[in-house]
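Shared between the two complexes below is chain A, which has chain B as its partner in the first and chain C in the second.
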Partner chain A sequence: MHDVNASRASNAFVPLMASAVLVNAVGLHARPSVKLTQCAKRFAAKIELALAPDGPWTDAKSPVKVMRVKAPQGATLHFRITGPDGTAALAAVLALVHDGFGEA
Partner chain B sequence: MSNSSSGNVGIVIVSHSSKIAEGAADMVRQMVGNAVPLAWTGGDTDGGLGTNVAGILEAIEAAWSSAGVAILVDLGGAETNSEMAVEMLAEDRRARVVVCNAPVVEGAVIAATESSGGSSLAAVKRSAEEFYA
Partner chain C sequence: MAEIHLIGRAASPGLAIGPVTMLTAAVVRRAASDDPAQEAAALRAAIEGARAEIAEQIKTIQGEVADILEFQVAMLEDDALADAAYEVISEGITAHHAWRLALDVEIAGYRAAEDEYFRARAADIVDIRDRVLAHLSGVDTVARITGGSIVAADDITPSAFLAADWSHGGAIALAGGSPSSHVAMLARARGAPMVVGLGPLSWNGQPPALALVDGDAGSVIFDPEPETRRLFEQRMAAANAALAAAESARLAPAYTADGRRIAVLLNIAAPEDLAGLDPAICDGIGLVRTEFLFETSLGLPDEDTQYAVYRRILDWAQGRPVTIRTLDAGGDKPIKGLTIDGESNPFLGLRGIRLSLARPEVFRVQLRALSRAAVHGVLKVMLPMIAVPGEFDRAGVMLDAEFAALRAEGTACARPPLGIMIEVPAAALCAEDFDAAFYSIGSNDLTQYTMAAARDIGSVADLNDAGHPAVLTLIARTVEAARKLDVEVSLCGDAAADTRLTKALLATGLTSLSVAPVAVARLKAAIAKVGS
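Moving on to the complex of A and B:
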């Protein structure tokens, strides 16, 4: 949906997997969802998140879908990232989660 | 009314209530930031509840972007007056303005989020409309 060429190119990359615990008090509510999708959109890689290591996976570039995950504080967010800039994308989204999205 | 210039899709909020329109714009600015041209309009020309075409045209002008403008509306007249405003635009601009079928507050935040990532007008509209999907 975002870039056909990116998803085609991503087929050649092994998915990167990592997880992080949501530390901010309100979890993945509206504002953090916006920040996460804005961050994800900066990368060409396909970025997905889930509450369990085996999914179901949600497109991290879709603000509506990310908000629907309704992940609470203490939940573990799993990321699956595929693409040429996947390493940088993974570092960026993990930093955002670890930082509590800049919230307390 | 507020705006900031950029190559990102502009967002226009049209509500019967100027307070709702302004409040929704506040949410967009606080949650999404300043990377998106944004304008709002609400109320009829006497300051009561309603919408007016001239106000909508002004808002479109204020939020104008070469990437286009997505309009979020609340009820009935907000939609028909927005469509009328779009009809009144110069032909080269008309094709670059869309009215989204989305809830006004949530749709504005989501549309602006999509726009702030540099997405096309079609992608901005599609993302806002995911709320009813």
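Moving on to the complex of A and C:
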């Protein structure tokens, strides 16, 4: 049998992908960026975000890099998450975006 | 060491004792090393120093300003911010040059953003850049003023004052300055004693360790003898007892000796001024200065930030009327990125409503935030520096438009009544030509424009007299116009808190005075003594 994951010896987890629309008033600006990166840092998984489904991908644990994305209100945020606690991480970041970072 | 007595002029009342913090403007040039490893270490230490400094500042404030500072901390904690700087340092560039290069690229990225919220964040990055540069060059920054200390300096800026914590006492002793400066107004609002015009602060050898500041008499004693200190502490104890007695009377409404009810309102410069205050001490808030929202050098405040602050103030007032003044930048209140630098005479330049009308994109955000806040209480909006009816009308049209847009979006809002600040003599002389919902007399600027004596120039401070018959005549004329048109009028300048003027002001027909919270008890006592 050929194992599809055999070639991923260095990375035993399949990336989880999901997207959500930014509903808070001013997009992924200062406070939401801080909240998102604080949330992402609670997980061991590698968490990346992008404005398009095929990237370019940005480290969601870096406020400097997340701010450089300058995601405006109404933009769709795509997440790509790899790691042991990836499922919980994905649920957490999606909840944060859906909730408008608590400031909608 | 003999004690040093210096006599200046009282700028904010009260007595204070504390350790001396010297503020100097000296910029220390940094000596760079040739070793990239040392330069990288210096940058790392400066970033950590800046981060720790902001983290310390956050402890003394709450709300929106704290949120913005937390953002700066998060950025400084992120290695990605300095990656580019470390890279060029390894190629032999000095730490300060490398940091500036890297941050300027970052700042340019924000300035080029399409979204105004991201463009506004450029100011945050500028602040981060400059804080780290200050740490690299070892320049002392204001944030290191510890609570309770006596700040001794040539002069102090409003933002420097606001950056320090005045809740644990402390006072200001200035070589220069003026009792009518914006900082003096802030000091009176926060209850920090202040003495100005002390002359050159020079010492033989060691700078002083301790100082006694008498903000009532306008004197300062550096390094007092034990006996001097003991007598001063006795006076402080007596003054505190007298204050406590007046405090108990300040909850009652104010009446003159002949039974005339006088509304006593509050002037505040930030929501923090209301901390611990019982709203029952006042009949409302007569003046909310909004400059503090813009003065943080952290970028222009967005609509939600402003709305949250305005709403907090209205919630505090519990249904009492609250008059919020739209941004009054310019003159002695410069705001980076907004006011014009290098005007030959800023007091006669693009300031107050003139600046707001010239920068409609900034003004609109404030009008929207005010319209949204208006549903949470009795809000009135006041326009500063109005000279001609056209300015009032243009602002009214903009307010109507923002109110209509909010309503069309289905956002909860109300159109607050729009009034004018009477501080330009032209407006005082022609008050009845304005279609304003109320007048609020700004006696500070009205005095300086009438007497042609700047409030921030100590040498002409004697001419800057709000009790001069010419100023009182303009006030009386405004009150008369209000009576004819049946609109409300109040006075919100420093003259309202000057109890030597209470009788003269009430004689003009005024029935509403607005003062800093610390002056309420004193003003109510003075009103009670005024008879017919």
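Definition applied: the second predicted complex is superposed on the first by the 94 of 104 C-alpha atoms of A that agree within 3 Å, B and C clash if a C-alpha of one lies under 4 Å from a C-alpha of the other, contacts with A are read in each partner's own complex, and residues count from 1 in each chain.
Keep in mind that, in the parts below, a residue touches a chain if its C-beta (ideal position, glycine included) is under 8 Å from a C-beta of that chain, and two chains touch if they have at least 3 such contacts.
None of these values were measured; they are calculated from a predicted model.
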| item | value |
| --- | --- |
| Fit-or-clash call for chain B and chain C when the two complexes are aligned on chain A | clash |
| First (chain B), second (chain C), both or neither touched by A:P72 | second |
| Partner chain in contact with A:A30 - chain B first, chain C second, else both or neither | both |
| Contacts of A:S62 with chain B and chain C, given as first, second, both or neither | both |
| Partner chain(s) touched by A:R42 [first = chain B, second = chain C, both, neither] | first |
| Chain B versus chain C, judged by how many residues of chain A each one touches | C |
| 4-12, 112-120 or 130-138: stretch of chain C that collides with chain B | 130-138 |
| Intersection of the chain A residues that touch chain B with those that touch chain C | 30-31, 34, 37-38, 62-65 |
| Chain C partner contacts - residues on chain A that touch it in the complex | 25-27, 29-31, 33-34, 37-38, 59, 62-65, 67-68, 70, 72, 103 |
| Of chain A, residues touching chain B in the complex | 1-2, 30-31, 34, 37-38, 41-42, 61-65 |
| Chain C residues within the chain A interface of the complex | 67-68, 70-71, 74-75, 78, 80-81, 106, 109, 113-115, 117-118, 121, 124, 302-304 |
| Residue ranges of chain B in contact with chain A within the complex | 31-32, 109-110, 113-114, 116-119, 123, 126-127, 130-131 |
